[in-house]
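First chain A sits with chain B, and in the next complex the same chain sits with chain C.
Now for the complex of A and B:
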C-alpha cells in the first residue's frame, strides 16, 4: 500500500526526469550556440562598426555590398577552385590507397600501413601547415632545393608568394592526402564489405579493376557521399592555410571566405559585414550537403548497404 | 617458386606503391625532426641528411615558451574533456533510455548544430563573451569549446547506451533504485570505456583549434599550443633549428597520447561512418 502510494506521488513528476538529464547540455547549447546563431542572422542585416559600436538595422545592404566587392568575389572563386580540385584529388588518392591496403593478404601489414599513413593526423594541424609552408619556401624550401638538386632549378618558383601558383600550392598541402578522415572512412568500410559478394565476384572470374568499378564503388556510395560532404564543408570553411601561410595573398589570389570574415571583423572592425559572410558560408554549406545527399539517394535505387 | 609468383604472394607491387605514399606523407615531418637538431650552418650545408654533432640545445632554448603553451592547452583541454564527457553521458543517457514527448525533435535540433559553421557564431559569441567579461579567461575558452564538442559526443553516447541490454537496468530498478541512482551506479561505470572515442575526437579538436583562442584570449601568454605556435614562429623566423625544435615539441603530447590509443583512434574515427 505505502509502496504504491510512493510511486504514485513520484509518477506526477516522472515525466520531468528525461528533461532533467538533457537540461544542462541544452542550457549550454542555447547560450553558446543557438542564441549566437540567431544573433548572427540579425547582425548580418546591421551596420556595425568597431568593438564599441552598436548594430543598426540596414536591411540587405551588407549582402549587396559583398556581391559588389571584388575581394569577396575572388574569395568565392578561390573557394570553388580549392574545394573542387581538392575534393577530387583527396577522394581519388585516398580511395586508391585504401584499395591498395585492402588488397594486401596479410592483415598485420594492412594495419601497419594504415597506421603509417595516418601519422600526420596526430600532429597538430598548425604544425602540418607550418611544415608545408616550409616545403614551399622560396629560398630554402624542400621543393625548390629538390628541383635545383636534380637539375631542374629553372622550375623553382616562389610557390606561395606569386599569385599564379599560391592557390595551387595550398591546394596541394598534405599531398598525397592519405592522412585524412576520408581515408579512414574508406579503409574501414572496405573492411566491412560483405564477404559473399566478393567471393561470388571472384568465382565469376572478375578481375580487380572490374571488382573495384562494379562492386566496391556502388557498395561504398554511402561512405563516399559522407567523405564528399566532409570535404566540401572543409573547403567552404578553409582558413588555416590563409591564417598560417598566405594571409589571403598575394593580392587576393588565395583569399577564402573564412579569412575574409576574420579580417573584416578583427582588422577592419566591420562586424555586420563579417557576419553576412558567415551567413553566406552557412547557406552554401547547406545547399551542397543537401545536393550530395539527394544525388546519393536518387542513384541508390539498385544497390545499397 | 617463380619470382613473379613470390612477388604476388607478398603483394610486393602494392607494398611498393604504399611505401611511396608513406614516404611522401612522412618526409616533411622526418625533415622537421632532423632539422630540429641542426645549427643554421649545418642546415644549409647538409640539407638532406642528419648532421653531427646533434644540437639538443635547440630544444632547451625553445622549451620554456613551448612548455608554457602546452601547459595552457592542458589547462583548457582537460576541463573541456571532463565537461564534454559528463554532459554527453547525461544527455546521451537521457535520449537513449527514456521515451518522452519531443525526443526525436530535440535530438534532430541538436544534430543540426553540426551544420552550423563555428565561424558563423564567432562574432556574436565574441560580443557575448565581451559583455559577460569572459574574454581572456579560461572559461571563455572552455565553455565555447565544450558547446562545440557535446553534439557529436552526445550522439556517440546515445548509440552506446541504446546498445546496452535493458535487463541490466530493470534488475536494479526492482531493487528500488531511482533514475539518478541507475545512471550513477550502472550507466556511468559501463560508459567509461566507451568514452575513448570521445576523448580522441575532443583532444584532436582542442589541440587544433586556432581561431577561437586567437579571438577570445587577448594575452599571448595565455594562448594554447595551436594559436601559440603562430606567435612562436614570428620569434624564430629563419632560425631553423629552434623553429623546428618548437614544432616537434608541440607535436609530442598528442603523439604520446595516441601511441597508446592507436586502435581506438582508427576505429573511433572510422566509426564516424
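Now for the complex of A and C:
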C-alpha cells in the first residue's frame, strides 16, 4: 500500500522533472535574450549615450533620423542585394553539390566527398575573409593573376576598391559556398528521403532531372525553407566583410545595417540610435522569415495544415 | 491553427536570434567630477585601495613579455612604496576598434580600468562626463620628479607645449596625459629608386609626382597609402593638402585662449576649426577649397597605388612595401622596428616635399611640407570618473604621477621604444631619432578628419573623398554633399562641447 502510494505520488510529480531540468536554461534565456530584447525596444525610443547618464525618451526621433540618413538607406539597399543574391547563389550551389554527392553510388565515396566539402567549415570566418582579401588584392590577388594568365587581363579590377564591384566581390566571398550549413542540411535531408519513393520513381523510368524536380524538391521544402531563413538572417546581420575588408566603402557601396549599428554604438557612442537600427534589422528578419514560411506552407503537400 | 502554431515557433526563434543585434547593457550613472581642491593628492595622507590600469601596448605579456616584465617591476616598486595600494595590470586587448568596443562596454557597465588608454580625440569627445579633468592637477608639482627638473614644480612641464596643445579638449580642459608621439615618414625602396634613376631629393610636389609617373612606367606602384571610411593613412595626406590650401588664412582662425607663445602656425583646436566652419571661412565656396580638392586629385592620380580604397589596411601597406609591391610607404615610427627586421632590400626614410605656389598660390610654406605626427600613441592615459566615485582619485593620480616621472617612464619606454617619448628627460630610441627631421617641419593646420570635428564627420568625409579620389564623383558633387556635412559636424561638436558661440 505504501509503495503504491509512493508510486502514485511520484507519478504525480513526474511531470515536473523535465521543467526543473529546463528551468536553468529558460531563466538564462529570459535574462540574456528576452530581457535585452524587450529593453532594446525601449532604448530604441531614447537618446542614450551608453555611459552618458540615463536614456531620455525621444519618441520616434531615432527612426525618423535613420530613414532620412542616406547612408543607412544605402545600407538597407546593400543588405537586400547581398541577401537575395547570396541566398540564391548559396542555395543553388549547395543543393547542386548535395545532389551530386547523393547521386554517387558508393556510400564510402559519398562520405569522403561530404567530409572533404565540410572540412573548410572549421576555418574561423575571419580567416576566410582575410584570405579572400588576398584573392581580391589588386596587385597580386589570385583573381587578377588568374585573369591575366588566361588572357583576360583587361578584366582585372580593383575588386574591393571601386563602388561598382565591391558589393559583388563580398557577395561572392566563400564561393562555391559548399562549406556551409545549407549543404549539411541538404545532404542529410537527401539521405533521409524515403527509399520506397525513390525506388518507385526508378521503376517508373524517372530520370535524375525529373527526380530532382518532382520528388527531391517537393520533399525538401522544409529543409530548403530552413536554409533560406538561416541565409536571410546571415545576410541581415552581415558585418565581417565590412569590418575586415571595406569598412563599408568605397563611399557607402558595401555599408550594411550591422556595420552601421556597430559604428553608431561603439564609435559614435549613440546607443539609442544603434538600438533602433537593431530593431529595424529584427523587423526585417521577421518579415522575410514570415514570407519564407508562408511560401513553404502554401499548397504544401508534405505537411498537414 | 496548426499552421499558426508552426509559424509562431520559428518566428520567436528568429526574434531571439536577431535580438542579439539589438541587446545592450544597462546604463550606468556618471556623477560629477570632484574638484581638484577636494581630491588633490595629499602627500601626507596614506593611500589605499585597489586600482586597475590598462597600459595598452606596453603591457602585452604574450607578444612583448620583456616590456610587460618592466611594467610589472615599475608597478611593484610603486606598491612597495605604497603598501596600501594594489594595482591590477590589464593586458593588451586588441587593435583600436576592438579596444574601443571593449572600453565602451565596460564604461557602460562602470567597469572600465581606473586608469586607461584611449585615443585623445575619443576621450575629448566624451569629456568630463566620463573622464576626470586633469587640468588643475597639471598645475600641481609631481612629487616623483627630482627637485629642479621639469615637472617638479608643475606636472604639465614634463610635456612639450605642442603635445599639451593637441591633447587639449574642445572645452579647453585636459583629460589625459600623453607620454609618446607617433611621427610619420615616407619609407622608400632604394633599389627600385636606383633602377628607375630616381633620387628622393624633390624640391616640390611636382617633382615627386613626376617621379611617381616614372615609377609607374617602370611597373612599380608609387606610394602605399589607403583610404577607408574608417581611420586610414590617406587622412595624413588630407591634413597636408588642407593645411597647404588654407595656410595663408588659417592662423586668422586661432582663438586667443588656445594660443601658444612663439608658435605662429599651429594646429587648429577642434573649437577653432568648428568656429571657422560656423563663420563660413571653411566652406566649399571658398576658392581654397577648390585648390584643396585639386591637390588631392592630382596627387591621387599621380602617386597613390591602385586599389587604395578597399581591402587594404596599414598592415597590408607594410607587407606590400616589404614584398616590393610599392616603392614608397607612408608609415610611422611604430612600423620602423618591424621593417628593420623584415625588409630584405636597401631602404631609406624621406618625406614629402613642399607644395609650390605654382600648385597652390595660397601656400605660405614653400620650403617645407607639414609635419604629420601626433599624440595618438601607446601611452595616453586618463582616469575614469568612476574612480573618483569610488574614492580612489588620490591613488590614481599619485600612481599616474609616479608612472610619468622620467626615471620610471624611461624604463617603460626603453622596453618597447616604438614611438617618440614626450616626457622631459626621456631620450628617444635610435630608430625614433631617425624621424627627428620631420619634427622640425611646420605643424599641420588641421588634425585627421576623424578628429577634426566629430568621429561621424570624419567617417562621412572619408566616404566622400574615397569616391572623389576614385573618380566616381566629381568636385561639384562632392562640394554639394560636403557642405551640409561640415555644418552638421560643426553644430554637433559645438553642442557636445557647449561652446558659447553655438547659438550665434
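We take it that the second predicted complex is superposed on the first by the 269 of 305 C-alpha atoms of A that agree within 3 Å, B and C clash if a C-alpha of one lies under 4 Å from a C-alpha of the other, contacts with A are read in each partner's own complex, and residues count from 1 in each chain.
Note that a residue touches a chain if its C-beta (ideal position, glycine included) is under 8 Å from a C-beta of that chain, and two chains touch if they have at least 3 such contacts.
As the structure is a computational prediction, the values presented were derived from the model and not from experiment.
Visitor: Are chain B and chain C a fit on chain A, or do they clash, once the structures share the same frame?
Guide: clash
Visitor: One more residue to check, A:278. First (chain B), second (chain C), both or neither?
Guide: both
Visitor: Contacts for A:245 in the overlay, against chain B (first) and chain C (second): which applies, first, second, both or neither?
Guide: In the superposition, A:245 touches chain C alone.
Visitor: Mind working out whether A:36 is in touch with chain B, chain C, both or neither, as first, second, both or neither?
Guide: Both: A:36 reaches chain B and chain C.
Visitor: Could you figure out whether chain B or chain C reaches more residues of chain A?
Guide: Comparing touch counts on chain A for chain B and chain C gives B.
Visitor: Figure out whether A:131 sits in contact with chain B (first) or chain C (second), or with both, or with neither.
Guide: Only chain B is touched by A:131; chain C is not.
Visitor: Could you look at A:19 and tell me whether it touches chain B, chain C, both or neither (first, second, both, neither)?
Guide: In the superposed model, A:19 contacts chain B only, not chain C.
Visitor: Looking at the overlay, does A:289 come into contact with chain B only (first), chain C only (second), both, or neither?
Guide: In the superposed model, A:289 contacts both chain B and chain C.
Visitor: In the overlaid three-chain picture, which partner chain does A:267 touch, first (chain B) or second (chain C), both, or neither?
Guide: second
Visitor: Just checking: does A:258 make contact with chain B only, chain C only, both, or neither of them? Give me first, second, both or neither.
Guide: Touch status of A:258: both partners.
Visitor: Touching A:163, do we find chain B (first), chain C (second), both, or neither?
Guide: After superposition on chain A, A:163 lies in contact with chain C alone.
Visitor: Take the contacts of chain A with chain B and those with chain C, and give the residues found in both.
Guide: On chain A, the overlap between the chain B and chain C contacts is residues 29, 33-34, 36-37, 39-40, 43, 51, 140, 233, 236-237, 243, 258, 261-262, 265-266, 271, 274-275, 278-279, 281-282, 285-286, 289.
Visitor: Show me the residue ranges of chain C that touch chain A in the complex, using the header's touch definition.
Guide: 2-3, 6-7, 10-11, 14-24, 26-30, 97, 100-101, 104, 107-108, 110, 125-126, 129-130, 221, 227-230, 305-312, 316, 320, 323, 325, 454-456, 459-460, 462-464, 466-467, 470, 472-473
Visitor: Note which residues of chain B are touching chain A in the complex, please.
Guide: 9-11, 14-15, 17-18, 21-22, 24-29, 31-32, 43-44, 47-48, 87-88, 90-91, 93-95, 97-98, 100-101, 103, 106, 110, 113, 115-117, 119-125, 127-128, 130, 143-144, 146-148, 150-151, 154, 179, 183, 204, 207-208, 210-211, 215, 225-226, 229-230, 233, 240, 247, 250-251, 254-255, 257-258, 262, 265-267, 269-273
Visitor: Would you pull the chain A residues touching chain C in the complex into a rising list?
Guide: That would be residues 29, 33-34, 36-37, 39-40, 43-44, 48, 50-55, 71, 133, 136-140, 158-163, 166, 229, 233, 236-237, 243, 245-252, 254-255, 258, 261-263, 265-269, 271, 274-275, 277-279, 281-282, 285-286, 289-290, 293-294, 297, 303-305 of chain A.
Visitor: Which stretch or stretches of chain A touch chain B in the complex?
Guide: 15, 17-22, 24-26, 28-29, 31-37, 39-40, 43, 51, 97, 100-101, 103-106, 109, 113-127, 130-132, 134-135, 140, 142, 145, 149, 175-176, 178-179, 181, 184-185, 187-189, 222-223, 226, 233, 236-237, 239-240, 243-244, 258, 261-262, 265-266, 271, 274-275, 278-279, 281-282, 285-286, 289
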